[in-house]
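Two complexes come next, and they have one chain in common, chain A, joined by chain B in the first and chain C in the second.
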Partner chain A sequence: MASEGGEKPEVGSNQVAVKKGKGWVVPLLRVVAFLATLAATIVMAMNKETKTIVVAVIGSTPINATLTAKFQHTPAFVFFVIANAMASFHSLLMLVVECFGNKFDFKGLRLLLIPILDMMIVALVAAGEGGAVFMGELGRHGNSHARWNKICDKFESFCDHGAGAFIASFVGLILLMIINVISVLKLRNQLKTAANYSALP
Partner chain B sequence: MASEGGEKPEVGSNQVAVKKGKGWVVPLLRVVAFLATLAATIVMAMNKETKTIVVAVIGSTPINATLTAKFQHTPAFVFFVIANAMASFHSLLMLVVECFGNKFDFKGLRLLLIPILDMMIVALVAAGEGGAVFMGELGRHGNSHARWNKICDKFESFCDHGAGAFIASFVGLILLMIINVISVLKLRNQLKTAANYSALP
Partner chain C sequence: MAMAKIIPTFLLRLIALGATVSATVVMVTSHDSTTVLNLKFVAKYTNSPTFKYFALANAVASGYGLTTIFLPCKTSLWRLLLVLDLVILCLLNSSISAALAIGYVGKKGNTHAGWLPICGEVPNFCDHVNWALISGFVAAVVYFLLVLYSLHNIVNLLAGGKG
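And now, the complex of A and B:
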């Protein structure tokens, strides 16, 4: 009975036994997710291509037109940048909270807020990715039904940089989803441990 | 000690005391989410507008051209339909599992799989919504930089139906996110209850 009394308050005060051996997995995933979304943000935000093309020749004087492709011209790309910037900020914040939050955890709220915020960021990044990818697809292939011509034949490097940003953001999205799954697993393992503890004779 | 012994196996066998009073909230939300995503799927999948416009007049004979706007012409809308159809199927399936799954629950796997699947569906619907909304925005306003003209001035009812589908899908997305939050809350409450039970003297 004495040993039982010494064991249980540990569980009751929410410090349910967690395997400490794999404590580095989530922070590592968060660091990689942070880098991926940051890369997506920067690559897309710096994406700009200026091209001078000859539109007409009068006599022997060529008339040039300078065209610039910027990410700001497409609302979907602006949203993509915002979503990825928010996701990298979120990853950084969660990293800080996970590393140093043990000291000032308020009633286990941390364990509750992290999965919810993670889920919201997943939705945000997925929406940004969806919008930007389909807009990129339109730029690459055009849409003959709506008479929207492709522009990637003129702005190749713009499109290539955009594709790189999509890939980086997609990697970040997948990592965020894996982190989310791990959070749920962790919550459930704690539940199981707590239940097993309480089932001790 | 006898009363304690009678209480604990209940907790240990994973049937942690859950408030039964609010058991109808999640099923209700699921039904509404199902209806919302189903409406989005159907409205978008039936979205088709045919218009005959006069392109030229030769002598006194007008030359007509028949143009059709279909959702199949835009990859983003096709993805939107698929994502929403999957989401409504998911809602229906989860509804069945939540109502009748108590009998054949395998080691509490249900409690684990539901939040993970929910999160994936949230990401899917968000991506579909993002792609379709930005494509709709392009149809509504055009993009002068890329020389993509707006088409909603010609296909008004197509655009209006599309907007309705976006709203329905957005409602479904928000409900799915709320369900997700409730799942996490539920898991955590169970953890708390289990911990409190085990902390009993």
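And now, the complex of A and C:
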């Protein structure tokens, strides 16, 4: 008897441990995580604001200066964009591997790679998130001790878009962590209940 | 077989504990002051919420390390330990990344935002923070190895068999 898309494989004597529909929770979470990290990437990558402010007035002609706030100006934001782009690519890849990868398995590499890559991506997104959030906080409040002025009062839209990107990335991070834990626990359950488990799925 | 597994985990946790404790202590004791035009400017770690977060995250991680260092390898709480290890890893990663970002602004400044570097005025503070960041980075790497190692204990990754 083959398992028909249930959450756990049946306890039986000859089982192919993994079939295509081994549960819908993890793929659904991966889809949402993919969308969240993709949204964070796109919102931050397109984050740009230009403002023309009057710097000085000579006689009666005002001198304008055009200031631009771009995400590339801050290395923390660049890292944020890169980390989220990699996370969304990873989510997509894992989704494809889970749904269609049962036919290709190169000496059990899949069993090895999925938890390790998941952990790495969680660590990466957490790092990107932390750095960018605190740079945003610095831009919003400034730092009076170091004489760093805040920039959010001049570039409000830039800051608001950044805040939206941070929220999306945070949602993505939480989901990636949950996905990681669930898939590791499921992996262990599958390994335990497979009786004559000699070959890898 | 159990001993071969328990020693590396204990060693890793010990190294991680040492790294987090030293990161916390070095960050908390970073202090420098400079006098410019008869005004005294003091640079402490409490001046920046990022460095406060860094010290707090490493303090939490060292407390967690102290609690779990004496746990046996095949404990019945391995699920909770896996989740908590992952959470602490994310905490450490975000704290080190944030402190590095702010430290970069402090060292090189940010010309687009008009933020001048401060390391020229308070070099002692910068050195202290530097060492704290190195320690925090070591702690983050060791915690990542720890998580991978406990994953290997659960799901025997290399052999592909039952864990």
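By our rule, the second predicted complex is superposed on the first by the 167 of 201 C-alpha atoms of A that agree within 3 Å, B and C clash if a C-alpha of one lies under 4 Å from a C-alpha of the other, contacts with A are read in each partner's own complex, and residues count from 1 in each chain.
Keep in mind that, in the parts below, contacts are C-beta pairs under 8 Å (C-beta built on N, C-alpha and C of every residue); 3 or more make two chains touch, one makes a residue touch a chain.
Keep in mind the model is a prediction, meaning the values are calculated, not measured.
A.B. asks: Please indicate which partner A:M46 is in contact with in the superposed arrangement: first for chain B, second for chain C, both, or neither.
C.D. replies: After superposition on chain A, A:M46 lies in contact with neither partner.
A.B. asks: After lining up the shared chain so the two structures overlap, which partner does A:A65 touch, if you call chain B first and chain C second: first, second, both or neither?
C.D. replies: neither
A.B. asks: Using the touch definition from the top, say if A:L28 reaches chain B (first), chain C (second), both or neither.
C.D. replies: Neither partner.
A.B. asks: Output check: A:M177 vs chain B and chain C. Expected answer is one of first, second, both, neither. What do you get?
C.D. replies: both
A.B. asks: Which of the two partners, first being chain B and second being chain C, lies in contact with A:C99: first, second, both, or neither?
C.D. replies: Touch status of A:C99: no partner.
A.B. asks: In this superposition, which partner touches a larger number of chain A residues, chain B or chain C?
C.D. replies: Tallying touched residues of chain A, the top partner is B.
A.B. asks: State which residues of chain A lie in both footprints, the one left by chain B and the one left by chain C.
C.D. replies: Touching chain B and chain C on chain A: residues 69-70, 73-76, 79, 108, 111-112, 115-116, 119, 122-123, 126-135, 137-139, 143, 145-149, 151, 173, 177, 180-181, 184-185, 187-188, 191-192, 197, 200.
A.B. asks: Help me check something: in the complex, which residues belonging to chain B touch chain A?
C.D. replies: 5, 8-9, 11-14, 16, 69-70, 73-76, 79, 108, 111-112, 115-116, 119-120, 122-124, 126-135, 137-139, 143, 145-149, 151, 173, 177, 180-181, 184-185, 187-188, 190-192, 194-201
A.B. asks: Would you tell me which residues of chain A are touching chain C in their complex?
C.D. replies: Touch residues, chain A against chain C: 69-70, 73-76, 79, 108, 111-112, 115-116, 119, 122-123, 126-135, 137-139, 143, 145-149, 151, 173, 177, 180-181, 184-185, 187-188, 191-192, 197, 200.
A.B. asks: Which residues of chain C touch chain A in their complex?
C.D. replies: Answer in residue numbers: 41-43, 47-50, 53, 79, 82-83, 86-87, 89-91, 93-98, 100-102, 104-106, 110, 112-116, 118, 140, 144, 147-148, 151, 154-155, 157-158, 160-163.
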